[in-house]
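This is the structure I want to talk about, given as structure tokens.
Chains: A, B, C, D, E and F, in written order; residue numbering restarts at 1 for each.
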Amino acid sequence: MHIRIINPNSTASMTRQALERALVVKNADTQVSAVNPLDTPLSIEGGADEAMAVPGLLSEIIKGEALGVDAYIIACFDDPGLHAAREVARGPVLGICQAAVQVAMTISRRFSVITTLPRSVPIIEELVSAYGADRHCRKVRSINLPVLSLEESPVEAEALLLREIERSTLEDGAEAVILGCAGMSTLCDRLTEVSGVPVIDGVTAAMKLAEALVVAGYTTSKVNSYNYPREKSAGCVVCA
Amino acid sequence: MHIRIINPNSTASMTRQALERALVVKNADTQVSAVNPLDTPLSIEGGADEAMAVPGLLSEIIKGEALGVDAYIIACFDDPGLHAAREVARGPVLGICQAAVQVAMTISRRFSVITTLPRSVPIIEELVSAYGADRHCRKVRSINLPVLSLEESPVEAEALLLREIERSTLEDGAEAVILGCAGMSTLCDRLTEVSGVPVIDGVTAAMKLAEALVVAGYTTSKVNSYNYPREKSAGCVVCA
Amino acid sequence: MHIRIINPNSTASMTRQALERALVVKNADTQVSAVNPLDTPLSIEGGADEAMAVPGLLSEIIKGEALGVDAYIIACFDDPGLHAAREVARGPVLGICQAAVQVAMTISRRFSVITTLPRSVPIIEELVSAYGADRHCRKVRSINLPVLSLEESPVEAEALLLREIERSTLEDGAEAVILGCAGMSTLCDRLTEVSGVPVIDGVTAAMKLAEALVVAGYTTSKVNSYNYPREKSAGCVVCA
Amino acid sequence: MHIRIINPNSTASMTRQALERALVVKNADTQVSAVNPLDTPLSIEGGADEAMAVPGLLSEIIKGEALGVDAYIIACFDDPGLHAAREVARGPVLGICQAAVQVAMTISRRFSVITTLPRSVPIIEELVSAYGADRHCRKVRSINLPVLSLEESPVEAEALLLREIERSTLEDGAEAVILGCAGMSTLCDRLTEVSGVPVIDGVTAAMKLAEALVVAGYTTSKVNSYNYPREKSAGCVVCA
Amino acid sequence: MHIRIINPNSTASMTRQALERALVVKNADTQVSAVNPLDTPLSIEGGADEAMAVPGLLSEIIKGEALGVDAYIIACFDDPGLHAAREVARGPVLGICQAAVQVAMTISRRFSVITTLPRSVPIIEELVSAYGADRHCRKVRSINLPVLSLEESPVEAEALLLREIERSTLEDGAEAVILGCAGMSTLCDRLTEVSGVPVIDGVTAAMKLAEALVVAGYTTSKVNSYNYPREKSAGCVVCA
Amino acid sequence: MHIRIINPNSTASMTRQALERALVVKNADTQVSAVNPLDTPLSIEGGADEAMAVPGLLSEIIKGEALGVDAYIIACFDDPGLHAAREVARGPVLGICQAAVQVAMTISRRFSVITTLPRSVPIIEELVSAYGADRHCRKVRSINLPVLSLEESPVEAEALLLREIERSTLEDGAEAVILGCAGMSTLCDRLTEVSGVPVIDGVTAAMKLAEALVVAGYTTSKVNSYNYPREKSAGCVVCA
């Protein structure tokens, strides 16, 4: 089984970080690869960044289809291009936000999400709602730190995350916490240990759910809305 | 006041059609222009088509900002890139789906939407829900005709639309009907007349709401999520 | 085009204030008039006040219909009698709450509302929900000042509003603020300027949307629930 | 204990019918009276009829308060003026729609409502939703018969109701049916018997819930939104 | 009329307390009995406690059916086994949470709930939502005191409840408060008096609604989901 | 890794069928066991059957905990006792309904569920809603066949299922179908093949998700509501 992680931004160190996390949790016989487009924003912080990243992301899926990739993970917590990607891929496509929400709904009754910048809060609220967790999600919080600062100031990031995890349990009544950025993946184990609260990382969640779906034989439904894009006489960009 | 219509697909005849409709309903002192990217899908039929169209759409907004455009209309009923476009623009950005839904909620209590292909039905359902019309919208219907066939087979298209309008009132209890594709704009007056039901066209709705917002002095809030994209040291695509 | 503003309470100074605001934002060729019933409560502060104001409001619409008025604005933030008024009028009827909500949903992702008395908070919450903005509206706040004190103590009112606007952004994450009372209309520009947050006034919003709908040719749907009241053999009050 | 039924329309025969039904189900020591305003529409068929009936309804409550009435029932299925009435009354005020919905949610998991005219369907849908029964209510149906025809054509009315009850179980999966008009009260027992489905009448439901609340000592909360209308220096209509 | 209160836990003093409360509010000609299973948890604090209590609860209903009991009240605020009980009983089965919520929605627009332990908060939130009061319920609060401590430390319990009632009005804007545990029943009158806020006790509410339903002739619908359990060739536990 | 399937009913052939399905899809190094209580109903058809099955189910989990079981699957589509089980178990507990819904939301945008008896339809609707799939689930359908007849009349069952799958796509616009009974597990592959629609079986889904969660190191949150049941001085049933 070949699972491909696509980091939609063009910061290679984040791609590597996601891959490292996936290698830790993957099954022995799973092949994992991780790629990122070269011409997308350095980080995804809002809807415009998302939009500029999606065509490159879809190109990576088309390449993956040629290679026989079995499932894809979009390693950005905004799940950019998730529905589009599912139209282009044969196998399952996992968003790390949706995967983390599904895990959180299984191991707790109430959770909070902690992301980087305040501007992403409404975006994530909409996603959480679309994934059916309106009632389960107590609050989407932010540490007010840009994505790239997670790598540059890891100590500060961890301290800020711990403070918000504490607030999540005390003020929100959260029973689990989701890390709302792929760049926080490597922190999840330590945060769980220190805080005593289950801390869910989307890359981990998506990696395991992807393997689960592939072994079970589930592929993306091609009945109606996730069917392959229709070919037009010209101007067809992703269906060629 | 300068309002720019952006047709996100690359079919120039659809761009012209939207412009013609806008010219009919605009105020005397409003300047309207209409553009389309050259490298996007010929029609938007699903999420992948949407995704491939948005970067070109954002480029057109960046060009418009340099020209001092006061408001933008995205002339595709899926409202592709709407939130991203609002981050990039100073003035209001109207989606024709959202505009049509707002009009329908003002002149009726219950409405149905009629679109082209069945694969767009779930996409439009999600939009209608995001715009707060879950209860007001009885049903999203389709005539099972590709977008480009609206121009190629106008007689068939009109007949199919009339049949679905009739079903909307009889089966759904709809009190108004929204045309779920920019390519249906020019049909709305005749369909209203023949059916006796208010038929709402999104281009018309968005054009008038855009003028309304501009005269009232409303611009897109730059407080938090619709703020301009953050500049990164490199890789910044739309903020340069 | 003739647009009539109906202030449902009987405080003429509030009627004049709404008219003044409308005159500032109207199109050059729009005729605006403003009226109020003489026998309704001096201010609308709760459901009973609303109920006592609506028959007088409907009478004004019936008079307006005889004059050929093209659209009506109900200048009270509780939108009293909105659905009833739409049954009686041929053209569109705008509520200032619904209009403000539609503007807020177009120029921001999250907003708060600031009204006068706490007793109106649940009423406005229900309206906001009915207009589909449950998720977009962060909070309905109040300054705990009676409606008529807005005119009597304008300095205090403005200070209280500024404080709540600040709380809306800091505590609620609001990206825009709606003024929840027609009597606050004249303050909106200064509040926007001072706070740096888009402050939306319902009279302004409704005035511009009314013009937009009339030019576009939209009238209230007479299919089903907004149809004219049925005439009964006797006792028919508004249909005669 | 004195419970007063207020029929908000001015058709005395409907008032008598509601009283008769209440007399059948009341406790031995409950005093019931029934009144109707004299200057309201002959029947309530839509929002304008409702609006014209509410001031007369509130006057009846003010008269009742002077007499020491313990609870009120608004005997019209649209629950017109319910919130306003609660502001004016000390004791509980029951709407027959809300009462019927509460009973239906207690004795079944899924129900349908059958009303008179199609124009009332969206109104009742909004009420059912406001009372929290969105998921429990399968469908609001109509027999397309004006309210006053229920008395004039009782045989036809009963046949139409039976047909819709049957459809409710077969097509909707309804487990109970609510009669959506006060004028259908006297039919409920026979319809239950003939159809084998629990048929709920709002007058019955409201009568028994009113007695229940009064004995339990519950009165309308005067904390915040149901507090008595504020007195203004002049123009106070219902608070005098 | 015979109404049976079933306390699903096995603490007899709590059963007596519920009975005493019911005796205070019942109609003169109503017979009330109260029972509890002997082999269930001493208190219900979470889902596992609930689950272990339900078979004993259903046994009590089966015994009650043999005696001709007319209606049942499940005297635990989590409404454990409510739907199951309705399948087994002919007459209505009232949950004290659902009953309290229905009363709160009738006498106020916004309420809060105060329960014992934080672990019950999500359970009660789900119930409140299932009963349609998502919007009406401001907050589910807890005093962080185990159920059995209500009897052991009544002074402390009352002080904690008063503090949370005050917070409910000040912070939540609650207009009424529901006591979220059967063990708080006897406190409701004094808490109402001291706080000035209507305080609703579920045992009281359920007792009066049960009488109301029985007199009105309503029984549990046996059409579809509340029908008696199907008999199987063997292993039938409650239908024998 | 040891995963235990608990069939809450006492029909051993259904336990074997679930085990067989699990053996087909499990990872090589996963140990699977399947048990059922001996004193529970032969099949779960409604809430009372559920309630009678849960204590036996919890006992099996307590036994499993002593053995070091890593995760549990409740092999009944009503997910009986799911929340209670999570309080008792250290590792994750999967319900086959929740697992199937999560898979369906990942590989399609719209799905329908097909269950056995109509009486289970509202129960499943509530579950689907609790799992956040209100909008994704088009319809819960039934084939009107008792659970035990799935084994007795497999040919009829398959034909009925195929007919409902066809209706799901044609009438509901479903893009995937969930089999709403553990007893249908072995049919899923053939139904997928014959219908061309992805057919999701909950046992398969839960088995794979359970493995995924265990490898990722996720256990049930013991913060707040899923914490172990509190020990009482006596009467403690599951915590001993």
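Worth pointing out:
Just so we're on the same page, a contact is a pair of C-beta atoms (placed from the backbone, for glycine too) under 8 Å apart; a residue touches a chain by one contact, two chains touch by 3 or more.
Everything numeric here is computed off the predicted structure, so don't read it as measured data.
Any chain that touches chain A and also touches chain E is listed here: C, F.
Counting the residue numbers that touch the partner chain, chain C and chain D have more than half of them in common. With centres taken as mean Cα positions, chain E sits 51 Å from chain B. Chain A and chain F have Cα centroids separated by 27 Å.
Chain centres here are Cα means. That of chain D falls 43 Å from that of chain F. Shown for chain C are the residues in touch with two or more other chains, namely 83, 86, 109-110, 118, 121-122, 126, 135, 173, 224-225. Applying the touch definition to every pair of chains gives A-B, A-C, A-E, A-F, B-C, B-D, B-F, C-D, C-E, D-E, D-F, E-F. Chain E meets chain C in the complex at residues 109-110, 135, 173. Interface residues of chain C facing chain B in the complex, by the touch rule stated above, are 25, 27, 83, 86, 92, 94, 98, 102-103, 105-110, 131-136, 169, 173-176, 189, 196-198, 200, 204-205, 207-209, 211-213, 215-221, 223-226. Chain E contributes residues 9-11, 39-43, 45-52, 54-55, 58, 81, 83-88, 117-123, 126, 130, 146, 148, 224-225, 227, 229-230, 232-239 to its touches with chain F in the complex.
The touching residues of chain F, counted against chain D in their complex, run 118, 121-122, 125-126, 129.
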